[in-house]
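Look for chain A in each of the two complexes below; its partner is chain B in the first and chain C in the second.
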Partner chain A sequence: MIVAKRKPLGEIAEMLASYKKVTVIGCRSCVAICLAGGEKEVKMLVSALKIRNRKEGKRQDFEGLVVERQCEKEWVKEVEDKILGSDITLSMACSLGAQTIGDMYPKHLTFPGLNTGIFGVPEEQGVWSEKCVGCGDCIIHTTGGICPISRCAKSMLNGPCGGSADRKCEVNLEVECAWAAIYDRLKLQNRLDLIERITPAKDWSTSHSGGRRVFVREDAKLTQHQKKGKEVVL
Partner chain B sequence: MKAGSNLEKVLESGKFAVTAEIGPPQSANPEPLTHHAKMLKGCADAFNLTDNQTAVVRLSSIASAVIIMREGIEPVIQMTCRDRNRIALLSDLFGAAALGVRNVLCLTGDHQTFGNEKGCKNVFDFDSIVELQVFDNLRREGKQPGGEVIKDPPKVYLGCAENPFATPYEFRVSRLAKKIAAGTDFCQTQAIFDMDMFEKWMDEVRARGLDQKMHILAGVIPMKSAGAARYMKNKVPGMIVPNHIVDRMKSAKDQKEEGIKLCVEQIEHLKTVKGVHGVHIMAVAWEEMVPRIVQEAGLFPRPTID
Partner chain C sequence: MKAMVQVVLCRCCIEVSKLLDMERLQKVASESNNVVSTVAVDAVCDGRNLAPVMAEAKLKEVDRAVVLACHKKDISPAVVKAYRRAGVNEYLVEFVNIREEVVLPHMGDHESAQKKAETKLRAAISRAVLLSPLEKLTEQMATRNVVIIGAGVAGQAAASEAARTGAHTILLEKTGRSLKAPGVILPHSQVVGAKGYGGNFTLRIRAGEKSEDLGAAAVVVATGGGWTSLRGPLAKAVKDAMPLYRFYEVLLSGSPPNGPVVIVDTPDPVGKTVRVQDYAWDETLETVIELKKKHPDTLVTVVFQEMRAFGLSELAYKEAADIGVRFVRYDRNGSPKVDPKQPNTLTVKDLSLGEVLSIRFGTLVFASIPPNEDNKLLADALRISMTADGGTRRGSIQRWPVTTPKPGVFVCGSALFPKSKAEAKVEGQAAGAMAGAFVMRGVVEYGGVVAEVTQDKCSACLTCVRTCPYEAPFIGTASKAEIRIQACQGCGMCVGICPSKAIELRNYTDEQIMTETRTLLGGDF
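For the complex of A and B:
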């Protein structure tokens, strides 16, 4: 899932300082599961902002609400009145949600309440770790199911580097060395021949290096006729 | 001859080679390089110019190489993958070769978080093995990874580094084999303090016949103090300094003198290890000691080969 972190309260308050009526919109998808921008976090932020204002003698109206998935226009459309009825929207979704609102209502201001971080996995309660960077050309079937692009600090294709000590990464001694993990996994699977082979230069054109990516599924697209039948057309 | 460099001639003729390191300055002043070149001339077969080592911004490796070449000594440029994508790596390789550089050491590079520009964006388009493979294809066939075939490819002698002391240990010889398959001609190792462990690694290197396929130059670092020994033992990832070495440095009356003595003894020992074809002396910020170490280790004068 997409893992995000709330921005510090001070930074959020400063962003919103010159606006009277603020709508704070959370999302029930990834950011709710990673405890950054779900219903509970929206409520907590709104009350924290109110308390802060009370202390400082400032007056602003805050209203908090949550949508199912902020990156999908249909769900955002349902709260259109709340968005357009305010001076500014603070999105408590990942950047995708914030940009969806921004693209739908370009004249209206939508600011980010979260810092969007990683494609990550919950390792234990309260701990998420990055395991993919979306390079667009998955190779984990050759690396024991472990992604070196995201899990190695140098994205090495032929690791480990010379800084791997006690199977930890030299950049962060708390983090396992991805290539030590790959070696161990391949050994366990009796597939060490894979690590003996040279993985040649990677074609990064499938990643963000190739420019902004748009994935199209022709078979899933609606025809003009079908689109007319849909309620939400933007 | 692949490149016709002095280092290549010494190694290919079967002589025991000596390389040493010169750290470029953190400034635009060429004087420290000229100073070191004059001081070190004749005491090694070629000199490595580090490429922003530990990610600290320094005068560039290629520019440094040209500066020391003016003093009549041969450079080995280090090229890391941290700061340059393949366009820049290939372009710099062409440029370096055009300026007369004949030895290139391919490295992945220290991560930028160790350096003095921690907020920078890294590149890592390649790793060191891919870099070797691409440079080797280029010098052999003039072929770039994108398919373009060029005229007048760079004639360079290619090297790599390897660390026998990084984990997983059992993969380290295989990784050297990968570098050989990628086209390396020589390998400078991480500094060796644990001789037993290094010899075990060499046993396996020889068992796989890898010492016959390229030249291993064993790395040494002369230590200035017991503090330096402790620092390398505890703070440098992938470096192993046994306790007896730290203790020996600690109990020495003159620690600097002991550091030199230890380094000379290490070289004497490494000369006897079968498959080791040279030493690489990394006298970090202590370059002035290199002539003495080479002299005392019985490696002076250096051979001249036509």
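For the complex of A and C:
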């Protein structure tokens, strides 16, 4: 899932300082599950901002609400009046949610309340670790199911490098060397021959380069005719 | 429909203290539109005093109540019973602990006590108005098995008592020693896992290589202390060293101790920060004073790292020092040692002198002994909590000395903390009788204040499932969280952590808590 972290209260308060009426909108998908922007976090942030204002003798109106998935226009549309009825919207979704609202209502201000971080896996309650960077060309079938692009500090395709010692990475001694993990996994699977095979330079054109990437599923796209039949115009 | 609140003021707590003004409290109660009756009673804990209150409750068609008295635990049985008879749901009775929260902390300060009492009364009324009636449900128990873990003194006593109630007893023993006890005895067996809740447990039993499941309606933890095999270097070096309780038995028998006596805090002190149970020091001081009085010529030395002698024990410490008991303090760098080649001499670095002392002894006694390590495994399996000392936590030392906070799980003997055979036997009998009575009821009660999921809001994120210590939440067939009400203890942890605010604790909803808090803060928040 997409894992995000709430911005510090001071930073959020500063962002919103000059606006009277603020709508805080959370999202019930990834960011709720990673305990960053669900209904509870929205309500807690609104309470914290109110307490802060009270201490500083300021007055602002806050309203907190959540939508099912903020990255989808249909869900955002449901709270349109709340968005447009305020001076500013603080999105407590990932940046996708914030940008969806921003694209739908370009004149209206939508600020991010979260720092969107990683594609992460919950290792245990309260701990998420990055295991994918969305490079667009998955190779983990050759690396024992472990992604060297996200988990190796140097994103090496033919590791480990000379900085790997005692299973730790030279960049950060807290971090496990991805290639040590790959070696162990391949050994377990009896496929150690793969580690000797040289993987040629990766085709990075599928990764983040040259502007934003758009994925298209032609067969799922609606035809002009089908689109015309829709009543709701977003 | 308007809530009809009755306010009950206990004279015992309010007037006897001469700190609070009863009339002013009555006036505050009458300010609320919802309060239809205000009564003062001599002592609400006495059921006989409640008859006129209930008569008034019926007359005024009261449907909920606020009781200002002492601790809920002390008064709720009598009060709840009376209200139930008067047709008021037990979950609509709100208690305010005036004695412990107002009278005791504000002794001699009339103004702040009165103000606090009034605020708490207002808050309780605001909360009572919002409460919902809750019901308890019942479920048939699947078996009448009482499983007793540990067949020592306490365990065997528990088995006898439980069998007398008509329950089926199953006694588990880790060792293979021969036993005499009613019911089934399973030697060489241990509990390695547990599922379920009071009335319907499924215990995973390991006997040698084999593992199997055993149904149990109640469990008695009688695992004993750890001293059957004293561990630690001092115990190893001195073969006839003994724990304090056994030394006390020697002392009671009247025979003089063998040579000078040294009491060390623990058999395993080397290089460690030693933390022993507080009561060990009370008992040590009591013992050395008695020893000195009976045998004044005996040389007695107490060697300790950190002594905590609270309250009157402090006087006992002084008395012991006055009558010639030597106290030697050490720290982790100068731990006491006994060279096995010289098993009659203890060396320790005295922290005050900064010198290493050699103390000759005839008898070596340990003030405390390490707790049974099985307790921790068992506590994890049964999901019961433990004390910081490594014993099993019980309900309340005065009221429920052999129960745990978990219904259907009882505890006795040295699983709580080290104690003598006689005490262990009495506790075992009590735990066995209670477990038997619990099982013979045949039904388990559950429900009341439990968590509830609003499934529309649930994202099935598993956070509640991971957090709950009782395994109450699970993701059901609708791919949404559900609560196994029988397992829910109403602790509220899932409510607090749910990122979607999909879970609420009955009668502790946000609205109820916020309203109460707002009133406590004077309504201005």
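Keep this in mind: the second predicted complex is superposed on the first by the 231 of 234 C-alpha atoms of A that agree within 3 Å, B and C clash if a C-alpha of one lies under 4 Å from a C-alpha of the other, contacts with A are read in each partner's own complex, and residues count from 1 in each chain.
Simple rule for what comes next: a contact is a pair of C-beta atoms (placed from the backbone, for glycine too) under 8 Å apart; a residue touches a chain by one contact, two chains touch by 3 or more.
On a predicted model such as this, the values are computed, not experimentally measured, just so you know.
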Worksheet item: If chain A is used to align the two complexes, do chain B and chain C fit next to each other or clash?
Response: fit
Discussion item. Looking at A:Glu39 after the superposition, I want to know if it touches chain B, chain C, both of them or none. Which is it: first, second, both, neither?
Written reply: second
Worksheet entry | Residue contacts with chain A in the superposition, chain B compared against chain C | B
Discussion item. Tell me the contact category for A:Ala180 with respect to chain B and chain C: first, second, both or neither.
Written reply: first
Response to the item:
Value for angle(chain B, chain A, chain C) over C-alpha centres, in degrees, nearest 10, is 100
Item to complete: Would you check which partner chain A:Gln125 touches, where first means chain B only, second means chain C only, and both and neither mean what they say?
Response: second
Discussion item. Applying the document's definition of touch, where does A:Gly134 land relative to chain B and chain C: first, second, both, or neither?
Written reply: neither
Worksheet item: Is A:Arg28 touching the first partner chain B, the second partner chain C, both, or neither of them?
Response: second
Item to complete: Go through the superposed model and pick first if A:Ala201 touches only chain B, second if only chain C, both, or neither.
Response: first
Practice prompt. For the combined overlay, can you note the least CA distance between chain B and chain C, rounded to whole Å?
Written response: 26
Discussion item. Identify the residues of chain A that lie in both the chain B contact region and the chain C contact region.
Written reply: none
Worksheet, complete the sentence: Residue set of chain A touching chain C in the complex reads 28-29, 32-33, 35, 38-41, 43, 66, 124-125
Item to complete: Please give the residue numbers of chain B that touch chain A in the complex, ascending.
Response: 81-82, 86, 108-111, 113, 122, 124-130, 133-134, 145, 161-163, 166-168, 171, 174-175, 177-178, 181-182, 190, 237-239
Discussion item. Applying the document's contact rule, which stretches of chain C touch chain A when the two form their complex?
Written reply: 457, 459, 461, 463, 466-467, 497-501
Worksheet item: Can you list the chain A residues touching chain B in their complex?
Response: 153-168, 170-171, 173, 177, 180, 183-184, 195-202, 204
